[in-house]
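The following blocks contain the structures, represented as structure tokens.
Here subunit A shows up in two complexes: once beside subunit B, once beside subunit C.
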Partner chain A sequence: MIEIHEGGISSTVQDLGRSGNYHIGMPPSGAMDSYAHTVANYLVGNEADAATIEMTYQGITATVREDAVIAVTGADMSPSVNGDPIGMWETVAVEAGDELAISFATDGARAYLAVAGGIDVPNVMGSQSTYTLVGIGGHEGRGLEDGDRLAIGNGDGVSSAGGETASPEELVGTELAEEYVPDYAEEDSVRIVLGLTDYRLTDDAKETLCDTEWKVSPEADRTGYRLEGPDIEFKEREQPFGAGPNPSNVVDLGYPVGSIQVPQKPIVLMQDAVTGGGYATVGTVISVDRGLLAQRQTHKTVAFDAVDVEAAISAREQQTERLEAIEAEIAGER
Partner chain B sequence: MATEQITPVDLPDPRYEYGADDFVFVELAEAMSFTANFKAMAITQQVAERDIEGVIENCPGNASYMLRIDPEVIHPDGLIERLKSIESEIDISEYEWETRVIDVPVLFEDPWTHETLMEFRDRHQDPDGTDLEYSAELNGFDSVDAFLEAFVGAPHMVTMVGFVPGLPWCFQMVPRSEQLEVPKYVEPRTDTPSRAVGFGGAFSVIYPVQGAGGYQLYGRTPVEVLDVDQELPDFEESIVFPNPGDILNYRAIDREEYDAIREEVETGTYEYTYERVEFSPDEFFDAPHEYNDRLVEVIE
Partner chain C sequence: MSETTTINSPMPGVFYRRPDPDEERFVEVGDQVEEGERIGLVEVMKNFHDIEAPEAGTVVEFLVENEGEIEADQAIARLE
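Then we have the complex of A and B:
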């Protein structure tokens, strides 16, 4: 069991998200940076989908009430055990009574704490992910607070990559190879595929969208990233029936996760976003770069790099191969 | 009025769009119409029936639809080819589906939405009136009562569910000449009471939970559209009640009835009044008012 003392700014239990309910308005939720979440799980011998704790800008402090194997990945939040620093992207053993302290993010915005066996919270509609708007999943459907007690899973979902299931203790000391550790400060552009209702934009507006260094506003959270920069102009038209009179309005439609909507300035929809609405959507951040955007801190800049769908798919395939290689290398450490 | 028909719309060629690598978005028309909506429902139903490998989410929209896919299982272009072939095979005039006609009691001009709409007057087109006064005038009605009579005078079909879990977008089942239309707030509100009944563009909505919103506020329903704990009998199978294709019949109630229903909801005993019916777009288009009367009769 892990006993939370400080929950940080916004710490929630997340896995890879719930699917199959988008049509009733249920967003996927799940880890904002699925790469960091997945690697954290691999480092402790879990399956990719085991639940971790996602911490935003500031980590948790907690007492570990049983011996456990942990890893912290994602944004560097200077984690320590009993006051002694531990490495990021590294498998660490902790003992009952140890004090875990995860501090402020110096680079990136979100860190993931994985525990061998996974964080054990109920499965709600196919996922353990927290969705705070309606209060489901995770720990009581909300962010973590002082006094919360999180059970550690009994090892269902422990990875058997590499053939045999080994005990997670054998992984202690594993460090992720440097080539697999992202440098979030360097990642100042995300790839997008233009489309959806981008026919609403003037050619100039499309150029503005892709040529601007957008600034991440303070309104950037699990629902969406609101960006600051120049206004985006729409083509003049007689508004179609049902859309409403504003040129940014369309007949309410479904919003992809990662889609960029433009009430005036762009908002990129994230894992807990609304699933549909009446603003024109003009493109979508590719699946593998949504996690990089989730690591951009407020006031940092981000640019959109337009690519075609083939590039988006091949980036996804490369990411899959990379994660497979990481899983195999970690298993090889045993 | 009684002889008025709904003329099916000639839809443009659909726009097939990539939502990056893992979504396909298909816009059937820029304008809202029953033709576009029925087509979206028919196509997504076909997609569901064919159980296409790699399709993760299947979401009918008002005049569009959207699918989420695993592109490592099915390439978006491969899916789009299949969607085009489904699209070409569908004839909505032959299409029928089972749906529900549902009684939705509403306390119009209730104290809660009134307080909210007064609080956010500075974000509204008409700071001196109420949302209902503004909507009535804009749609050429002499009074709020006459506007509300039109609003509840014909049922509204759920044409999309989303935004947040359980929120139904509903399109009133009348010919285009009788459709009401209002803009959303100039600036969205940061607050809306749960169960508020609103209207924006050409859509009525029920807000499942308290939160931001931009639709004109008309009233509040005592019934729930979302029950995450699944305590109410109608929510045994799903945490949300409305489904695309459902037919909501708003019914004006007084405070006494509102309070009585609310008590039933809070004690976990309330059950919706609804009946299952077979819906035929063809018969509906042919004589919408008569058809609506027959539909609504089953729950009266």
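Then we have the complex of A and C:
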């Protein structure tokens, strides 16, 4: 069991998401940076989908009430155990009574704490992810607070990579190879696929969308990333039946996760966003790069690099291969 | 000689020196503050987070203006 003292500013239990319910208006939720979440799980011998704690900008402080094997990945939040620094992207053993302190993010925005066996919260509609806007999943459907007690799973979700059951203790001391550790400060461009309704933009506006260094506003959270920058012009048109009067309105459509709408300034819809509505979605951040955007701090810049769907799918395949290689390398450490 | 320390923000956002545009500032330069006393707010992700003095002292200087943009770990004020 992990006993929380300080919850940070927005720490929630997340797995890979509540997929399959989009048609009823339920967004997937799940880890904003699925790469960091997945690697954290692999480092402690879990399956990729085990629940971790996602911490935004500021980490948690907690007492570990049983011996456990943990890993912290994602944004560098200078984690420590009993005051002694521990490494990021590294498998660490903790003992009952140890004080875990995760500080604030110096590089990136979100860190993930994985525990061997996973964070044991109820499964709601196929996922343990917290969706705070309606208060379901995770720990009581909300962010973590002082006094919360989180059970550690008994290992149902433990990985069997390598053909034998992993023993998390044997992974202690594993450090993720340098080539797999992202440098979030360097990653200021994310790839997008234009559409579904980019035909509503003027040619100049499409260029502006892709040539601008957009600044992440303070309104950037699990629901959406609102960006600051120049105006985006829509083409003149006759208001279609069923569409709103604003030039950015179209007849309602389903919003792809990661899609960019421009009610005034661009908003990129993230894991907890509304699933459909009447704003033109002029582009979509490719799934692999959503995690990079989620690591951009408020006031940092981001640029959109337009690619085609084949490139997006190929990037996803490369990411999958990369994660398989990481899982195999970690399993090989035993 | 008195030591100076800085009060740093643990998060990026927009810095505010008053709880509400119509209210008094939390503290002024020259004020004595207690450890843990609120000296400002940082707005990020549609929430406001308290910025507290890490120790008791006198506020010597603010390094960020009201409604100024700040980055994580940026020094907001100096204490003596």
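For the reader, a short list of remarks on this structure follows.
FYI, the second predicted complex is superposed on the first by the 334 of 334 C-alpha atoms of A that agree within 3 Å, B and C clash if a C-alpha of one lies under 4 Å from a C-alpha of the other, contacts with A are read in each partner's own complex, and residues count from 1 in each chain.
The definition used in the following text is that a contact is a pair of C-beta atoms (placed from the backbone, for glycine too) under 8 Å apart; a residue touches a chain by one contact, two chains touch by 3 or more.
In this text the structure is predicted, and so the values were computed from the model without any measurement.
Within the superposed three-chain model, A:A328 lies out of touch with both subunit B and subunit C [touch as defined at top].
Counting the residues of subunit A that each partner touches, subunit B and subunit C differ, and the larger count belongs to B. When both complexes are overlaid on chain A, the residue A:R316 reaches subunit B alone and has no touch with subunit C. In the superposition on chain A, A:T298 makes contact with subunit C only, not with subunit B.
Looking at the shared chain after the overlay, A:Q58 reaches subunit C, while subunit B stays out of its contact range. Shared-chain residue A:P218: touches subunit C; no touch with subunit B. Contacts of A:G244 after superposition: subunit B is touched, whereas subunit C is not reached. By the touch criterion stated above, A:I9 is placed in contact with subunit C alone, subunit B being left untouched. Of the two partner chains, subunit C is the only one touched by A:F104; subunit B is not. The contact sets of subunit A with subunit B and with subunit C never meet.
Interface residues of subunit B facing subunit A in the complex, by the touch rule stated above, are 15, 17-23, 25, 27, 29-33, 56-66, 68, 71-72, 75-77, 160-167, 169, 171, 176, 179, 181, 183-184, 200-203, 208-209, 211, 226, 228, 238-240, 243-244. Chain contact summary for the complex, subunit A toward subunit C: residues 9-10, 56-58, 103-106, 218-221, 297-300. Contact residues on subunit A toward subunit B in their complex (touch as defined above): 19-26, 125, 133-136, 141, 192-193, 195-197, 199, 240-246, 249-254, 256-259, 274-278, 281, 284-287, 309, 312-313, 315-317, 320.
Those residues of subunit C whose C-beta lies close enough to touch subunit A in the complex are 10-14, 43-47, 49, 69-73.
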